Amino acid sequence: MSVVAEHISEHVHRDDLGSRMGIWLFLFTELVLFGGMFLVYAVYRFTYQQEFHVAAKELNTLIGTLNTLILLTSSLTMVLAIVAIRKDNKFLSIFFQVITIFLAFGFMVNKYFEWMAKIHHGIYPGSETLLAKGNGEILFFGLYYVMTGLHGLHVLIGMVLIGVMTRFTMKGTVNSDKYIHLEAAGLYWHLVDIIWIFLFPLFYLIT
Amino acid sequence: MHDKEQSVSYLDYKGKHSGIFAWILSTDHKRIGLLYLMASLLFFAVGVTFGFLMRLELIAPGRTIMDAQTYNSLFTLHGIIMIFLFVIPGLPAVFGNFFLPILIGAKDVAFPRLNLLSWWLYVLGALLAVISVFLPGGPADTGWTFYIPYSIRSTTNVMPALIAAFILGFSSILTGLNFIVTIHRMRAPGMTFFKMPLFAWSLYATAWVQILATPIIGITLLLVTIERMFGVGLFDPALGGDPVLYQHLFWIYSHPAVYIMILPAMGVVTEIIPVFSHRTIFGYKFIAFSSCAIALFGSMVWAHHMFTVGMSETAQVIFSLLTFLVAIPSAIKVFNWVATLYKGSISTDAPLLYALGFIFLFSIGGFTGLIQGALSVNMHIHDTSFIVAHFHYVMFGGTGFGIFAAMHYWFPKMFGKMYNMKTAKVGFWTLFVGFNTLYFPMFVMGWLGMPRRYFDYLPEFQIYHFISTIGSWILIVGLIIMFTNFIKALRSKTSYTNINPWSGETLEWTVPNKPPLENFEVIPTITAGPYEYKDNDEILTKEDN
Amino acid sequence: MNEDHLQHTIEHKPTYGIYILVWLVLLMLTGVTVAVAGINFGNITVATALTIAIVKSYLVLTFFMHLKAETATFKLFVGVALLFLLISIALLFSDYSFL
Amino acid sequence: MIYGSNHIDLVNDAFWFITGISALLLFVITFLMIYFVFKYNRKKGKKAVNIEGNTKLEILWTVIPVILVMAMFWYGWIGYRDLKNPPKDAMIVKVTAQMWKWTFEYDNGVKADSLYVPVNRAIQVNLHSLDVNHSFFIPAFRFKRDVLPNKNNSIWFLPANVGKFDIACAEYCGLSHSAMYSKVIVLPQQEFDNWLKTELVKKNASVTQSSAVNRK
């Protein structure tokens, strides 16, 4: 085989820039997926301004803020894990990754209690309490459950992904020369963070 | 890499797996392309059968061969199958997969395993759609648009159909993602963006639409699913939801989806015309940019499907205006194609016939699109059979003929066999006549007020329905001629060794027929554009021999 | 092709400091947005909250997601994706905000 | 088709204007394709000429279509504008759609299965749906308007001739979608007034059984 072909062949099998490009494109699809929901939110917020205002007051700003801080911090630890692996500090990288998973878990626990409290108060899709309220409030909570639920699902997926990466890092599959997989998980994680950055004010703050 | 493997055709080489697994677990872009081809043709046959049955039902007013519920399910399934399982994957996933890497001088797509995953998702989605037919409750009867609130009230198997469409969307996204990275990262040395064959350009524009628009339908269908399961109220008018918002979201994807379907077909036509005129393409850059312009404007015109729902006047004006503008890049393409024929050396083989047939039928589809873009006229012809005729001219006359053109054009390369040219031409003309007989009367009756999705109709429309049904029979004869011609060629023992039957200049004509694994022994270095013919004298002498 | 190989690494010197700094700014912005939410700005409440959210996601994109160090192609890609969303929302609201 | 309403001219004009231009362009494109295929056929042994393109020509065939489609847009828009804005003195009829029938209700409470209207008088129909999406379509009058739950659409027309015309449902609405036909019955003013009066009497006679009123 000629020299040229070998060069290309190697190029085919290891193209980190290409991989990153693929990941970014995938992130766009996630972005637009949530974008579609934001469109729905925007329209209903516009249609039912007053009722959204009333409904939003029922959400606990404290829990929302806490979760925002948790998620932002987990984004930091994720990016630090990548710095660490690039500096060939395997232990520190694993440490940061575990912290990230831990924070994500904390986020989910928070979320669980928040949802449970709402459900306990009888506010969930199809409940009598909710159906007794105005259309705008039904929609607000419908959106709240669907959007935070979908976001929560992404957090779970992120946790699994980072968990797999931790294992890869331990095995050495992810190392200071080849950390594209970890980076991919990181990019995904940051996107989950960005989506929350928008969900937080839209549901908890704009009252 | 063993040298021996290099020379064996993609149909025959031995990989890790054997038997059927050598196919369904293969990451070779050509094998995946062929898998897609077989699957999508299978579903095309099913879709055609449904269409044929519906036409038969409509040959006379009243019940003819089926009841209304069956009819409603048939047009729903016909739509879902034809759109999601045949027309959308028909060019990108089949011919894009097979030829894009070869056209740009690459050994495979950027993410071969992802490519296989996308085929599997396609199969999964397809299976789910098939299963939905047989589950108790009966096949979905909502139309492929799943309009709210009917889709949350219908007791048929809407859920499996929704989830199937969701999964198929995912498959389409992965294909698009793969192509963008492939085009950016895997072009052969020297192949700049403006030296790429225009089919690659059209796939590039398509891929962007696939990536950006498809998630919207994904989330929308997901929301309908959630709506059906939990009664959240996001679209349900009974709970304050807005059924018009559903339509907006649906068409934000589904209008660009039309361009996912038509752009690659335009790309195929752009490949074929210069080859069979044996001269360079007229206005390369204009054609390339018009693909991008179509992708851009195409995502800005969705609400022209909704002129009658009572949108704001501003929205009506904006969307009507943009709709007219989106016609411009398509017009530019058509003019450039016609100009490419000028002073060529034209050989009227079957692929060119299909390409010219495409231009004619697509033009009719496009022009009737303008008629619907006009607000006042749209009030009259929206949701009539005029629309049905229009989009069949675009989707079938356009994309369908584009797919047939691609099949005739690349057949010898893919299979190392040659079909009978005379039969192919007979097939084309039968199809062409059948097509117009089938769909043209629909324009007339649509204008006269025949609504679409009607199981029954007023007696005054019978003559048009009758002609149309006769047309469907001619069309099917045409399809049978075409496919038996292919099958005969595939079964013949003589293999076709001419690697460049049409004297093309693009890279696929430099590799052996039935290209080997990884396509090229040595990745070529590109110095010239894809349509720079230097042997304009030779081609004439070659023709004489 | 050589250029591409250089692109295997996102940037040449990885450091912890900058990220911690960005994180602090993000925390601060969260504080601001929560604090501001209590004040009634009337019509611009939504705008304020969204502006802060946009600034925050810009920081995450640029630093955490290394967009700053990526090639122009990547930035263009992000632009295309955002443009698509913007077009969608603008055109959608042409129906809802005028009646 | 019988001349039905005021919208017909505007719609027909726009339709034939666009169709005319389109047919002409289609003819030119098709003619050129066929002509070139014969003239420059390889069998004639002519050598192909590589023409890369011509920017002037590209601009020409961009600008001219832009002008043409803008004209088409204008034609469509003026017809629509007319349809959108009902005159103030329009007679109002409430239309209710449900799977799979139409009900028409007049100001005085009279209900009917068919839409009776006086000739030469602007009629505004307010459209309501009780269940799923429908679309109020009168082919002879050249318009339709979707009838959606939770959204109050309306449309107006001015019947120009006496006669009976079909009302169809144009938005798929389930099993008997294709049977959801009704009639618009355009009567001379005098006859219409009589009809309304009789119906009112009938209605008052059997207030409890309003459905019986619909028979005429």
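In order of appearance the chains are A, B, C and D, and numbering begins at 1 in each one.
FYI, contacts are C-beta pairs under 8 Å (C-beta built on N, C-alpha and C of every residue); 3 or more make two chains touch, one makes a residue touch a chain.
The structure displayed is predicted, hence computed values, not measured ones.
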Comparing the two chain pairs, does A-B have more C-beta contacts than B-D, or is it the other way round? B-D
Approximate Å spacing (C-alpha centroids) for the pair subunit B, subunit D: 31
Separation of mean Cα positions, subunit D and subunit A [Å, integer]: 48
What's the distance between the Cα centroids of subunit A and subunit B, rounded to whole Å? 35
Chain centre separation (subunit A, subunit C; CA means) in Å: 15
Numbers and ranges of subunit A residues touching at least 2 other chains: 15, 17, 21, 25, 28, 31-32, 35, 39, 43, 47
Flagged in subunit B as touching 2+ other chains are 184-185, 212-213, 216, 240-242, 244, 248, 252, 313
In subunit C, what residues contact two or more other chains? 1, 4, 73, 81, 84, 88, 92, 96-97
Every touching chain pair, please? A-B, A-C, B-C, B-D
Subunit A - residues contacting subunit B, complex: 1-2, 4-5, 8-9, 12, 15, 17-18, 21-22, 25-26, 28-37, 39-40, 43-44, 47-48, 125-126, 131, 134-136, 138-139, 142-143, 145-146
Subunit A-facing residues of subunit C, complex: 1, 4, 7-10, 14-16, 19-20, 22-23, 26-27, 30, 33-34, 37, 45-46, 49-50, 52-53, 56-57, 60-61, 63-65, 70-71, 73-74, 77-78, 81, 84-85, 88-89, 92-93, 96-97
Which bits of subunit A are touching subunit C when the two form their complex? 7, 11, 14-17, 20-21, 24-25, 28, 31-32, 35, 38-39, 42-43, 46-47, 61, 65, 68-69, 72-73, 75-76, 78-80, 82-83, 86-87, 183, 186-187, 190-191, 193-194, 197-198, 200-202, 205-207
Spell out the residues on subunit B that touch subunit C in their complex, using ranges where they run on. 184-185, 189, 208, 212-213, 216, 244, 248, 252, 299-300, 302-303, 311-315, 318-319
Any idea which subunit B residues touch subunit A in the complex? 1, 3, 106-108, 110-111, 114, 173, 176-178, 180-181, 184-186, 211-216, 218-220, 223, 226, 230-234, 239-242, 245, 248-249, 252, 518, 520-523, 525
